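Chain lettering (A, B, C and D) follows the sequence in which the chains are written, and residue indices restart at 1 in each chain.
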Amino acid sequence: MGLSAQVVETDQHKLVIISEDISSLPTHFFSQLDGVDRVIRVQTPCPLALGHEGPAIRLDNGATIGGGGPIIIAGPCSVEGRAQLIDIAHRVKGAGAGGLRGGAFKPRTSPYDFRGLGREALEYLLEARQATGLPVVTEVMSAEQVELALPLVDMLQIGARNMYNYELLREVGRSRHPVLLKRAMSATINEFVQAAEYILLEGNLKVVLCERGIRTFETCTRNTLDLSAVAVLKNMTQLPVIVDPSHATGKRELVRPLSRAAVACGADGLMIEVHCDPPRAMSDSSQAITPAVLADIVDDARAIHRLLNPDKALSCGSAPLSTAVAASTLSG
Amino acid sequence: MGLSAQVVETDQHKLVIISEDISSLPTHFFSQLDGVDRVIRVQTPCPLALGHEGPAIRLDNGATIGGGGPIIIAGPCSVEGRAQLIDIAHRVKGAGAGGLRGGAFKPRTSPYDFRGLGREALEYLLEARQATGLPVVTEVMSAEQVELALPLVDMLQIGARNMYNYELLREVGRSRHPVLLKRAMSATINEFVQAAEYILLEGNLKVVLCERGIRTFETCTRNTLDLSAVAVLKNMTQLPVIVDPSHATGKRELVRPLSRAAVACGADGLMIEVHCDPPRAMSDSSQAITPAVLADIVDDARAIHRLLNPDKALSCGSAPLSTAVAASTLSG
Amino acid sequence: MGLSAQVVETDQHKLVIISEDISSLPTHFFSQLDGVDRVIRVQTPCPLALGHEGPAIRLDNGATIGGGGPIIIAGPCSVEGRAQLIDIAHRVKGAGAGGLRGGAFKPRTSPYDFRGLGREALEYLLEARQATGLPVVTEVMSAEQVELALPLVDMLQIGARNMYNYELLREVGRSRHPVLLKRAMSATINEFVQAAEYILLEGNLKVVLCERGIRTFETCTRNTLDLSAVAVLKNMTQLPVIVDPSHATGKRELVRPLSRAAVACGADGLMIEVHCDPPRAMSDSSQAITPAVLADIVDDARAIHRLLNPDKALSCGSAPLSTAVAASTLSG
Amino acid sequence: MGLSAQVVETDQHKLVIISEDISSLPTHFFSQLDGVDRVIRVQTPCPLALGHEGPAIRLDNGATIGGGGPIIIAGPCSVEGRAQLIDIAHRVKGAGAGGLRGGAFKPRTSPYDFRGLGREALEYLLEARQATGLPVVTEVMSAEQVELALPLVDMLQIGARNMYNYELLREVGRSRHPVLLKRAMSATINEFVQAAEYILLEGNLKVVLCERGIRTFETCTRNTLDLSAVAVLKNMTQLPVIVDPSHATGKRELVRPLSRAAVACGADGLMIEVHCDPPRAMSDSSQAITPAVLADIVDDARAIHRLLNPDKALSCGSAPLSTAVAASTLSG
């Protein structure tokens, strides 16, 4: 027929994506084919992000992102040592966090700056995970780091600097591991969802989007947090969306008000940098908050979520698809 | 002594501003002078915005902005006719709005577009004010328009396009009328507060700041709403800060989530475009919401404010100053 | 017929602009009307900027902008005193400048900064003009300043901060005086040409556009000079376009290379800040160059223009219109 | 002594970089050490980009970038087939180009778009190189692609989307192959030179910087070409700087004027998309020019360069260092 299609095998089903114009072909043309359960026509640059079955992503430790109350992922910018990490992990758990973050491989603007403890840090993260039961997320920047991190952490983070690194996106897509994808500083919302689409197309539907500020002329804040993007993304996709107010603002006194705002406009969670002794943090010290402030933020987030979602059913299942044909992707 | 000073006479007191470096002079040097009640040293580009007595601004109709619950100012982008305005005024009041907006003089990018009904619209606004008791705000763009609007409306709006129009800022400063100052699309937060300072320096302390989105590369939204600015402005100044999610996003489906976010991060109010028949609005139709949605937003705003300010005393007085010496303004 | 039209009377002819969709009406429908010389159909947001008769604007002193070699307008940011101005005027003339700039009324971000000598400066400018024969341009920010400057200067400048001040644009339009219109820091090219259209619509066709940098995230330069805009504007309009590399870059060492680039991509001239003792300039000292560097820039500009326009006829007349009907303005 | 140092071995010498504050240590402290030839103290975030021996980079085919006349690298966005590439290669050579570009691996915003012919395209590039003698540059996006391209092309391109992909920068650094590094859409100039520093630190000094437009609010052009960056980079570093007006503007009619401007402000070369049948190009068709226009641009570039560099010695050697100690890198 001359149509080219991409086949995506996820853990539960098989999707066939036709990204050409099929508006002239009737739906039953596809639905009558053998093995086709359901046909979906969408006009979107991101058929998988929009069309997949639902917003909740379950991590190995049982934590869920999307579909229920807000999850707070907290921890130090960099893993600085074993004792520091275990200590902070217990404290963020005590403050109510549902996940632990910690940088093992640090992308730094200058090659002369501290670049993280690497493999050693991954082992401390595993230990902290075992000690607290918190699922762990860490950033990876290359295929080699994906391989190292995969057996040790619950979720792989693609940082803002690598959102356009399509080879890496495909790599974490193939891993089938949950992925936290951060928006690049210069990415339009359209580019952001299409970056997610690269991961989804490898059959990995466990993608969480993270708004973390875009680059503008304003210099009072490190970046400009674009909370409108959260509302847009919730309309455009079925993916969970969380917000990182620490990197967005770069100032600890702004983390709490922006955390409140993020949850109020519908974010499924927050990612926050916490340090027991913020002024001594080895990276990003000006934006780290203490565990005590984190506890307040967790309380805020839960209260706002409850207030605005009084009847929310905590389960979020919709009927699963087993095969879908999604037509007419649009270029962003 | 070679120091140059600016004298500001407000309705209640007289301020003397010395914007040179006086760090070497002891405070008692000034406090011992005749008629000096109090000496304040501040390191800020906006000594009046930071130093004045408190956040609440009372409009003629008794409405208050700042210091209490959130105020919602709502109404059509343009006043399109007498009947339309009276109708919408009653409806926004019914929805819980505390103020009425309506454009008489419309700044339009193209000189070929509808520029508002002008003087005629001002009279309809007065009538709507009398019919509903709602205080009224309208935009002015020249000294002549200030003169026309002054006796008829409760608050003069300086739009984003005129934030850098320092002659107009001084004009509304001299009017002593409450002023709603919108942030320019390209203004840094520092420039924004210094624009307010132009008004304050004329002795008019009744200035409300309004964040309405800045210009960025993102095209999914009309502008990028900068909610971090709300939190920064609340730290940098004593002025009330409200948010306009309608102009910021340009899309009606984003108005409610961003309204929630604005109040959650501390905004003192919202300015929202409402139209009884949004698709037929003569300007900005894609961002207007209906009165029914407005009612939901008012409920959200009140509930979020109550949740986050459980113990807030509704009065907001601090000891008034009668004379102040503010030192060392910094250039932004 | 239900069509609304705007009538523009310029010094030479009368234009009738119909900004509605008239694509269904044949051209002869208009051309057969009494007194219609010519009918022009354009699909543009700026029918006057595109449709008027040609690029050259003649100032009172005989200088021409557009259509011939590049004009260099140079002088101090602020007029600081009589002696300073006369001295610098002679020097910029000696360096080959074709116009003198000097700020009498200075728009300053902070109300605590030096705001120019005002009316006094206008008189010094007139004196410098008489002493050197150079045409003079100065910025105006209000109707009152237009009135003061009109009899004394050759060209009125609308600064970047007032590009969206439509009341002021109409005021300088009504003056029929040559106008230098600077692009706002946040203005799209479409908004820029439509701001010019406000002036043209008052019958004043003597408008020169000035690109002076836009606001971006880059902080190495004060603004980001958008030279693509020069090429776009030359295609979109018939108006002369000059470039201000001083405000764009904010750094004196960048003025010469960017001046070369501006002329190379087709600018009709340059506006440059020159000071005899740059470090002591009362405003914008870091971007002022010396008269000696100016002389090099004038030489560069002439040589590049000659190289790239070997056959350029110096006269630039095209047949004048006396009445035009321009259809279908597009919103930007 | 507690100082940490990074050792860089280049093809000619060994550099020792100390990026801590050594302002209190006298220069002879280092110069007396065994094997130290020369000590350089610099206050810069990019000691290698600033301190290395000179601007010229020699490719295998004998072409030189930097230090002499402008080099024009031209060719199709994507390699679309063998015949197309050989044809266009002969034509760009005929037009005066000094290098051939062609995309084998295409980074595309949407995973549903054409992503290049891959390995097959690399072979066509080699063939085109052999047929014309033109050195060839192609983009790589992963370690695997570096390995594939290395034996076949003269220069590896890091595209704008991968400028922050530090693992890839280190990979091409280790390759010792000439690298063309494009500025990311959101990169400050400081971040750009520090990305280059990642490559240089691996001992690969053959880095050419390429300005290709940054992301701003302007929508008339695809990006905003930042020619000020060229002048800044020439002051901040010793690296050659070229400009890509095709991606910057996204419009073929703007390529020639901006090419002229780029060379006029000091660029060492241009990178331009050329297609024999631009409207049929498989990617970026709206910005491709024809070989005939390219020939005009080559002529322009040479003439402008000659005009502005009358005495330029074509050789650009400065005394080579064999060991250097560069102090105090600054974070950007």
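Descriptive notes on the structure:
Basically, a contact is a pair of C-beta atoms (placed from the backbone, for glycine too) under 8 Å apart; a residue touches a chain by one contact, two chains touch by 3 or more.
None of these values were measured; they are calculated from a predicted model.
Chains touching both subunit A and subunit D: B, C.
Centroid distances built from C-alpha atoms place B farthest away from subunit D. One inter-chain figure worth recording: subunit A and subunit B are separated by 36 Å, centre to centre, where each centre is the mean of the chain's CA atoms. Subunit B and subunit C have Cα centroids lying 33 Å from one another. With centres set at the average Cα position, the gap from subunit A to subunit C is 49 Å. For subunit C, the set of residues that touch two or more other chains comprises 186, 190, 215-217, 219. For subunit A in complex with subunit C, the touching residues are 215-217, 219. Note for the complex: subunit A touches subunit B at residues 186, 188-190, 214, 216-221, 224-232, 234-235, 248-249, 253-254, 257-258, 260-266, 300, 303-304, 307-308. Taken together, the subunit A residues at the contact with subunit D in this complex read 6, 17, 19, 45, 107-113, 141-145, 161-162, 164-168, 184-186, 190-191, 194, 197-198, 201, 215, 329, 331-332.
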